[in-house]
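Two complexes come next, and they have one chain in common, chain A, joined by chain B in the first and chain C in the second.
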Partner chain A sequence: MFADYMVNAWDVATIVAIVAPVVGFFVVLRGSAFVAHAVPEAAFAGAAGASLIGLNTVVGLGVFSLGASLSIGLLGRRGRHDVVTALALVLMLGMGSLFLSWSTEYAPEIYSLLFGEVLGVSSNEIGITALLGALCLAAVAALYRPLLLTSVVPEIAAARGIRNHRIDMAFLAIVALATTTAVPVVGALLMFSLMIGPPAAARCITDEPLRTMALSVGIALATVWASIAAAYQTDWPIGFFVTAFAFVGYALAHVLRWAREGYARIRARKPLPGGSAA
Partner chain B sequence: MGGVVNAVFAPGFFHSDPVRTALIAGAIVALVSGAVGVITVLRGQSFAGHALSALGTLGGSAAFLVGVSPLWGFLTSGVVVAGAMEAVGTQRRRGRDVATGLVLSTALGLSALLLYFDTIANSTTGVTITILFGSLFAISGITVPAMILLSLVCLAVLALLYRPLLLSSVSAELAAARGIPVRALGLAFLLLMALSAALSSVAVGTILSTALLIGPAATALRLTRRPAMAMAVAGAIGVISTWAGIVLAYDSYHWAPAGKGWPVSFFVVAVIFTLYLVADLGTRLQAARARDRRTGSPAAAQPLATVRSS
Partner chain C sequence: MSGDETTLRGDVLALEGVSVWLGGRQILDEVSFTLAPGDFAGLIGSNGAGKTTILRIIMGLQEPAEGKVLVDGRRLGRRNRSVGYVPQKVLIDPDAPLRARDLVALGLDGERVGPRIPSRRRRQLVDEMLEAVDAARFADARVGNLSGGEQQRVLIAHALISRPRLLLMDEPLANLDIRSGQEIVDLLARIACEQHIAVLLSAHDMNPLLPVMDRVVYVAGGRVAAGTTNEVVRTEVLSKLYGHPVNVLRVDGRVLVVSGSDVSLEAVPRQPQPGRPAAEATGRRGGGDV
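== the complex of A and B ==
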């Protein structure tokens, strides 16, 4: 399981599991799950196109995901972009199916683009992934405060002179960047379960933003590592395990919150002295 | 005249059985999707609509594994998933998005597994592409009667629920005050969406059926504000785009680069997207011109005015 050819997989998966939930925290906070779902699928068309003309997949992924997220931002009206998102998504997927019909690529490779193939990662891709991931984290760190403010209380952000639209565009670009990092590993269809699942679970447990982010990175790392191990043992597609474990994590977090609320209610009924056990 | 007709419709177009089936099935699907789509767009449930159709992948791959027609797989999984989404989802808009996303990703993960089993069991690897991207030309004539029946059911239920649905879409509070069971209505609508998604998944594949659901409806709502009118316009736009897609795909057998025909689904989606862009640009220019007339500076709108006439 830790043989030479698996080392790359562990490295890349770890990078992805750090980047995706940090971006995903804002995705959940802003309620833009649909965009986070659409951009990776659009990137899939880019990957198909790049393989058609013999370019590196990462280039295709980057160009298409950036193009999709920027056009979603530009065509959307007053921050509402669900219709435009749906349309951009299907247009990109349509182009993806066109490129696929032209190419002579074997079906398994398409399948791995859609559903992920950790074992296919080569050493020189790790460098690009790490670079893009670092860029993504730096962008989030630089925009941390305005992003948080526009996500939670857009009115106050506007009153403070923050341009909501510009932050929105910057955020979409960050999502595109994260997509480019992660799609080769977990696949276009499943990338966003890593973005949504861990942050949604972490938000059930804590409210403080930085702690939520740290917690969701922890959950994502556990999910990804367990998935690689399970996929290695069973030979089943890794995408299945990533989504299943992400969902289990979310369900567990819900149960935990429910239990804690119940405990707090009982304690409120008969006041006890002493510290908080939460 | 005859030359033009021959250039547009390649020889043998109207005598081919797959083409005839595709024309009929495409029209049915487009009409139903247009009507359901208008309400979907009005309720802001594009994501749920997309999720329901993408989740058809789960049913489609399961049906392939068992060996029944994919239509029934799409249908069953749609109904189950609609129920799951209603159970997990909350009434708040943001919570709803995350709940939809989680159900969607989990089910996609499951379908990844099922597709993997499909490829192992049949040693044919084309299944993934057939289920995901579909092809109008591949519909067998046997499924058409079932499709007609299902779409009639869908339209009848929609007509029955039309007024309460519209009211609860515009204002849930008002509908609740009138004694309409808003939550049950929401579930009923999710089921309707699942039904129409199943139909269009057969036609253009699970991940592109969103195009037929959202595209024509969004275009129609740019052109008219009256819901019933918008449904009719959306149906018409859907039928036109599907048929145009079929004609183009049939012609493309002689095009570069491969000489084996471009996918129908691509053409359908491309036509729908172009129509939406034109309608959107038109209304934006109209709004800009109205604003200019009010402020009295028509010069700003001048250079763009030519685009609108296209």
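== the complex of A and C ==
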């Protein structure tokens, strides 16, 4: 499974597994999981549209996901996005299905946009993915502190002179960028699980923001690598393994936290040697 | 009252003739007052009197239609590090992976763009600040898991670590039990004195603040009377402010402001009616046990 035709898949999947959880850390922190679900749907519609008119699918992906995330940001009221997100999500699915019905494209191509395809990754796609991924990481690094502050205590951020709406828009653009990076490999429907699963699992385990981010990258890498290996062995779609492993990781992290809290409680109850219990 | 000693006191904060209209309604009417370094001041008034608007004006989140706001003698830009702010109620997700010390560290430069370089100096500053607000023992706990009083200490540390000249607290006592509230008041009074900064704390009940308050800024109907407690909380001054006769009663070291037409305590309604200054109990929370 490390044959030449698989090397590109490993490379791209690794880049995605680094970028998605770093962006996803803030998606989870800001409670914008729904947005992170809608933007990949737009990416799917964009890719389908691009292939219909013979453009590079990555261009379609980028334009549609950026357009969707920015309109979600602009049309959201008072920082709440749920209604406009829901409408954007179904609109994008609808447009995707329209483009598909017009398309004469070979069906598995489109199917791979939704559910991911590791075998079809070409080496010029790696360059684009790496570039977009690096851009995402640079943007998160630059906005790290204001993003953290607006996510946790927006009132205080505003008082410190941070314009929360601008940070929100910048963040949605980053989500769109990360989506563009990942959809060609893991697929639109499944990209989302790499953004949400690993950070949600990591924050059950550690309390510090940067450590949570690092740990979620680790979990995502393990998820993606295991998924490629499993998909290669079984010939089942990789998307299934990515979502399943992401879910298992989240469940395990919860069990771990529950066990740790239980242990701490038992220890607290035990009388201290030579003294009375607090 | 105040105002004529503006230049002498080296004011940290000066509001001069500030008026604000919102949606065609006048919220503040020619508000003027000053605070000096070390002042512990209460911004007292009932809901809707204009307390929050005054705080927003001072933070530069709202532009006054008339008048000016000077912090340390300068007009404010949007990014000002000389004003620290602690909001009334923050809801911090208990699942957010953010420790108390992380939030305090964000107080140093949380608005800055660019990667943060951790250093021993930063860590030491955070530790000192946590120590100063008695929060060292929960420095490594998640902020979202702390109690209201503990969170307030962390937010105070966050606000103070960038060494502001003025600390604004929006109703810090509204969500705390009496004991934690008293601890926060004592802490703030100590900080105002030790760090030589002005603290302006909004409250609808002045009684918990009476022992430590240097100055009172009393807000009613968008107008303000400011000075020491003895100067302001008097029957003539507040009657003039309300534009309606009120009586200031002192009972067991507590202060009650009641309608002048009927001074019997039984007549003080539990819930003051909005927009009508006729009867106004400042001791809404503690009023029952007088």
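In this text, the second predicted complex is superposed on the first by the 270 of 278 C-alpha atoms of A that agree within 3 Å, B and C clash if a C-alpha of one lies under 4 Å from a C-alpha of the other, contacts with A are read in each partner's own complex, and residues count from 1 in each chain.
Just so we're on the same page, a contact is a pair of C-beta atoms (placed from the backbone, for glycine too) under 8 Å apart; a residue touches a chain by one contact, two chains touch by 3 or more.
Keep in mind the model is a prediction, meaning the values are calculated, not measured.
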item	value
Superposition on chain A - do chain B and chain C clash or fit	fit
First, second, both or neither for A:37, with chain B first and chain C second	first
Superposed arrangement, angle subtended at the Cα centre of chain A by chain B and chain C, nearest 10 degrees	90
Contacts of A:82 with chain B and chain C, given as first, second, both or neither	first
Touching partner for A:114 - first (chain B), second (chain C), both, neither	first
Touched partner set for A:91, first chain B, second chain C, both or neither	first
First, second, both or neither for A:173, with chain B first and chain C second	neither
Partner with the higher number of touched chain A residues, chain C or chain B	B
Contacts of A:6 with chain B and chain C, given as first, second, both or neither	neither
Which of chain B and chain C A:243 touches, first, second, both or neither	first
After fitting on chain A: smallest Cα gap, chain B-chain C, Å	5
Touching both chain C and chain B, counted on chain A across the two superposed complexes	31
Complex contact set, residues of chain A against chain B	28, 31-34, 36-37, 41, 75, 80, 82-83, 85-87, 89-91, 93-95, 97-98, 100-102, 106-108, 110-111, 114-116, 187, 189-190, 192-193, 196-197, 200, 236-237, 239-244, 246-247, 250
Touching residues on chain A, where the partner in the complex is chain C	29, 31, 141-146, 148-149, 151-153, 155-162, 202-204, 206-209, 211-212
Touch list for chain B against partner chain A, complex	41, 44, 46-47, 49-50, 93-94, 97-98, 100-102, 104-106, 108-110, 112-113, 115-116, 119, 125-126, 128-129, 132-133, 205, 207-208, 210-211, 213-215, 218, 257-258, 260-263, 265-266, 268-270, 272-273, 276, 280
Sites on chain C touched by chain A in the complex	59-61, 77-80, 83, 85-87, 90, 92-93, 95-99, 102-103, 106, 109-116, 140-143, 155, 158-159
